[in-house]
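For clarity, chains are labelled A, B, C and D in written order, and residue numbers in each chain start from 1.
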Amino acid sequence: MTQTHSSQAGAGTVVPLDDRLAMHRLMLEIRFFEEAWTRLFFAGKTGPGHSSIGMEAIAAAFGVQAREGDTTYATYRGHAHTLARGVPMKGTMAELLGRSTGINGGKGGSMHLTSVEHGMMGSYAIVGAHLPVAAGTALAAKYRGEDKVTVCFFGDGATNIGAFHEALNLAALWELPVVYVCENNHYMEYTPISEVTAVPRPAADRAAAYGLEPIVVDGNDADAMYVAAANAIDRARRGGGPSLIEALTYRHLGHASSDPGKYRPAEEVASWMKRDPISIYRERLLGTGVDEATLEAMERESRSKAEEAASYAVAAPLPDVSTLDTNVWADGGSQWRK
Amino acid sequence: MAEMTYRSAVTRAIRQEMRHDDSVFLIGEDVAKAGGVFKTTGGLLEEFGPRRVLDTPISEQAIVGAAMGAAAAGLRPIAEIMFADFVMVTQDMVANQIAKARYMSDGQLTLPLVIRFGSGGGLRFGAQHSQSVENWLMAIPGLKVVAPSNPEDVIGLFAAAVRDPDPVMFIEHKGLLATKGEVPDGDIVDELGKARIVRRGKDATIVAVGMMVHRAREAAEALTGHGLDVEVIDVRSMVPLDMTTILESVHRTGALFTVEENPRLCGWGAEIVSIVVEEAFDSIDGAPIRITTPHIPLPHAGVLEDAAIPSVDGIVARVAKHLL
Amino acid sequence: MAEMTYRSAVTRAIRQEMRHDDSVFLIGEDVAKAGGVFKTTGGLLEEFGPRRVLDTPISEQAIVGAAMGAAAAGLRPIAEIMFADFVMVTQDMVANQIAKARYMSDGQLTLPLVIRFGSGGGLRFGAQHSQSVENWLMAIPGLKVVAPSNPEDVIGLFAAAVRDPDPVMFIEHKGLLATKGEVPDGDIVDELGKARIVRRGKDATIVAVGMMVHRAREAAEALTGHGLDVEVIDVRSMVPLDMTTILESVHRTGALFTVEENPRLCGWGAEIVSIVVEEAFDSIDGAPIRITTPHIPLPHAGVLEDAAIPSVDGIVARVAKHLL
Amino acid sequence: MTQTHSSQAGAGTVVPLDDRLAMHRLMLEIRFFEEAWTRLFFAGKTGPGHSSIGMEAIAAAFGVQAREGDTTYATYRGHAHTLARGVPMKGTMAELLGRSTGINGGKGGSMHLTSVEHGMMGSYAIVGAHLPVAAGTALAAKYRGEDKVTVCFFGDGATNIGAFHEALNLAALWELPVVYVCENNHYMEYTPISEVTAVPRPAADRAAAYGLEPIVVDGNDADAMYVAAANAIDRARRGGGPSLIEALTYRHLGHASSDPGKYRPAEEVASWMKRDPISIYRERLLGTGVDEATLEAMERESRSKAEEAASYAVAAPLPDVSTLDTNVWADGGSQWRK
């Protein structure tokens, strides 16, 4: 795997210890959350969805750097990004289970997690569509002279859809404060991205088409992601315009809950499992003097938080049928006639 | 009170709303420096500057997507998509993203945006620049759909659309741009979901939208020559739909005709006919009749296009045949 | 005769047509190596090779556009768009390019292509993966629209669609994929534009499509308990639309109900109701009733989604209330 | 104006005299046709449309090299490309006037000129849509093992729409025999392309995003266009895949018939008028030994052919109203019910 870090990323930015620990904690919370939810899936307690196990470093690196007022756009593979914005686990898990206390009242589900109060502007399930939408939210910040930044996550597969092209051109043209983050996990649903893309790096090899720098980052290295995120967010916040980051990563599981991911060569899976972002980071933290006990406590806490969220969600009430007709319109209802 | 064109009413409407609220901005192709392909946005760049009047690339998905994202952040975007046909280029944004966002988020996302475009036939532009999309848009839950037929309504309904907290598709009829009407001075703010009886009558009700309102009205005048006194209703807003006014009229007249420019199948006429039949079956004396453009793409040649779209003579003939 | 699932009928249908004609090929996301997101295209790559079974990037406009261009050159493409909702991403290709090309060229361009996709709700996928698009597509002049409700029809109607010289939108209901039915051996080639009476009855006619056919049929059985003998018609093809069968039935029964999964406004039910009212006003004893999903996006939670889409109980209650 | 000819274009290809004369004749025919039609417009005899005056060299260079079986896709600015494929002037002009003897029976009009028998697969009026369609026709040639080539013309403005991105990626990925030709006339309707594009060369600066060579050609130099066309067509025919050519040019008139084009700086217009492709080529032909009389005869013939087409079209019958309902479906009619 070739990895080139652009000149922007890694130019001596030091990751503060607080942020390192916060990233580690976030990664753990995401991991345990996804694991708890996957168990619920196989127990028949929730419908399917898309886990980010193996890809946690990307969400965590951006999560710890997001400020209040910053906004996040994610895809159907958005549990991680939701949690990374501080959205409570319980409400998130309850939403996956279609419960009334879910963050979307049970109306959204796994593919549409939204918590506007946390800056989580939504998870979008039609590939590519949210890239222009994120540009619009960034435009609003610029319009109002606010230094808010929008971060938009999407998969490698999204780089071949028209909306990607339109959004990148517009964002670059208007120097919008938006960071586009391609989570290149090397697969779309079941087909390798390399089989359907005319260039080797689906995002980075397109950056120049919008006058942007190609940025490729090791998406399983939380520190590398942190640096790339810091640079891009800072650039956006200073009015320097958008960035397009290609973060190389891998999903440990299949595309969606019931997919065993068998279409991937065993050696490929094995080599990426060795590069698990959490194990890598744990080693690194230990190596830089964080003690084992601190990490173990963090693991315990994260795990029990996830377990509690799962129990909470399973016990949470189903939505009342009367809510079927609420919130189609801003008046709260669904009436289309007068 | 002043006479003005439908075209200049559009400009005045946008100007009124941009003056009224700094969070309102205009985004679209050629809308700024050039003043718009239909010359409906002239002078706005000069008054409001490039922050609030933005020329875009030819990127309909980005235009509408950006409007959505800005609206989600609390602004009130007005996105121009030149021709109604091109709305289909961004139909995922319209039908799947914008229309569904509020419901999917259970009310967390509010999208106070307006998408406006020139719709309708009669200009010999051929099939890809003449589409009427009233029914295609009305069929999408989560959208409001407004189609003014005269300059005063352009302003009042546009203001209502911009101030509405929900996404509104605003249909400007290209064939009406040069038509004139009296418009009161000062700000005009109307209400969505109010149909208007533009001609009172007792023998039948004709329901129409946009350009067809004018044809229906002329037809009604001509029908007096057949001894028929026909009521004409301008629907004005497809969603919300003012069924109260329409049902009340049909209860009085006992006969319903709809005149649609959009293609026939699953037109808004079918919706209104179905509601009327379901809710006023005993009030109607016979089958409601839909007068529509046939279910075909529109042709270029004038003689063909004129034969396709409901005409005054065609309406007169159909109504007379049915009632006499 | 063998029992098979709707899902495997889709595969068999594609295989039959690809064996029948070398100009037929399959193009779409994950359709080749992976055998399709709904597992409806397994084994085709192995049998027909990468020339005829093509995995694409996530580029719906390119998929459908390429199908159009290949069809214009005389091939017979089958383009898979995974979910019906995503058809909106390529709606310009569908509504403005493919649907209008033959007419604009006055018959020079022939587009014998099929666009197939999984449609419909009930799977808890939320608003962007559950859309029913029957009416959205039926409203576009120049498209044929087909929606089979059982394995045998999947094969017969698919063959008819592939062999048809016009563009056909082929709606596969996701909720029916696992359902089974008897299917004759050998090639099956049906005909577009023939509705089927799936249950004979004398007291009322229920017209339905796709998943709703099964619910209507179950409802009809339940209604015998109320002393009602209800006829159920599977429309099968929205365009061409077999009004002969529907009108004949309504003439016999005197009562019409439509059961639609698509959102309410401007649904296909409104079209059929309007035609029936216009052409058989004196045959119907009361207002035709449309039973539809409300005019809302679909929710994720099962309890809500089930309340949204017409159910057997809901149909029974509505019919009983109206007729008794 | 910077102009870089790629290594592909101009590598010693010699333009045969026959083709030179054929190109010149085609340019003249297009010019006189557009002039005659513009006069009809101002006389109220035809609706509006989009003229290619000033841009003739591009259509002519491809026109003389197209073989039977090759296919052409054009935009609403497609009169030139229609004539360049040998479609009769009379039927073309009649179509613009909405006559029954028009090539589309009056149903298409200026924006939808089509003559399948000449390989002119249609003029498409929604920006960008025909790029994927052209890829599909090229795919059909490859599918059948035919050495047919598809040429797809579009404007600079089309390079920012999603369909462009999707088509280019697909064509490059599958090495389709298609030549994408961006007629960069520097303006969309009224807005300069440079004001809405994140890169200076709207097409060429995107080529690398699809693994393609950037090719910029002087679109007002018929020979340069000829060479670029020859290389790209040859590459496609040999199975070498697509090319993306950016031809720099200018329209003498406004965007559409009634647009005076006043938004363009006078000096800019003047400088481009001096670079009129026909005047340039006339000089060149004279310089290489073609005699004045030959050229004058060609001018006379072309002009009178265009005038005849205009007279023919004005006198041609209107479509019969019964044709309103024909050719919606392949059965010849418009019936949607049975």
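The rule is simple: a residue touches a chain if its C-beta (ideal position, glycine included) is under 8 Å from a C-beta of that chain, and two chains touch if they have at least 3 such contacts.
In UniProt terms the chains read B, C = Alpha-ketoacid dehydrogenase subunit beta.
From a predicted model like this one, the values you see are computed outputs, not experimental measurements.
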More contacts between chains, C-D or B-D: C-D
Chain located farthest away, centre of chain B as origin (C-alpha): A
Computed distance of Cα centres, chain C from chain A, in Å: 36
Length of the line joining the C-alpha centres of chain A and chain B, rounded to whole Å: 40
Where chain C touches two or more other chains, by residue: 56-57, 59, 61, 85-86, 89, 92, 96, 103-104, 126-128, 141-142, 239, 265, 294-297, 299
Sites on chain A at which at least two other chains make contact: 104, 106-108, 112, 124, 126, 129, 160-163, 166, 169, 173, 196-197, 323, 328, 336
Of chain D, residues touching chain B in the complex: 47, 98-99, 102, 104, 106-112, 124-129, 157-158, 160-162, 188-191, 195-197, 263, 318-319, 321, 323-325, 328, 334, 336
Of chain A, residues touching chain D in the complex: 160-166, 168-169, 172-173, 196-199, 205-206, 208-212
Touch list for chain C against partner chain A, complex: 29-30, 33-34, 37, 55-61, 85-86, 89, 123-129, 265, 294-297, 299-304, 307-308
List of chain B residues in touch with chain A within their complex: 25, 51, 54, 56-57, 59, 61-62, 64-75, 77, 92-93, 96-97, 101-110, 112, 141-142, 164-166, 193-194, 239-244
Touching residues (chain side chain C, partner chain B) in the complex: 85-86, 88-89, 91-92, 94-96, 99-100, 103-104, 126-128, 131, 135-136, 138-142, 239, 262-263, 265-271, 273-274, 277-279, 281, 286-290, 294-297, 299
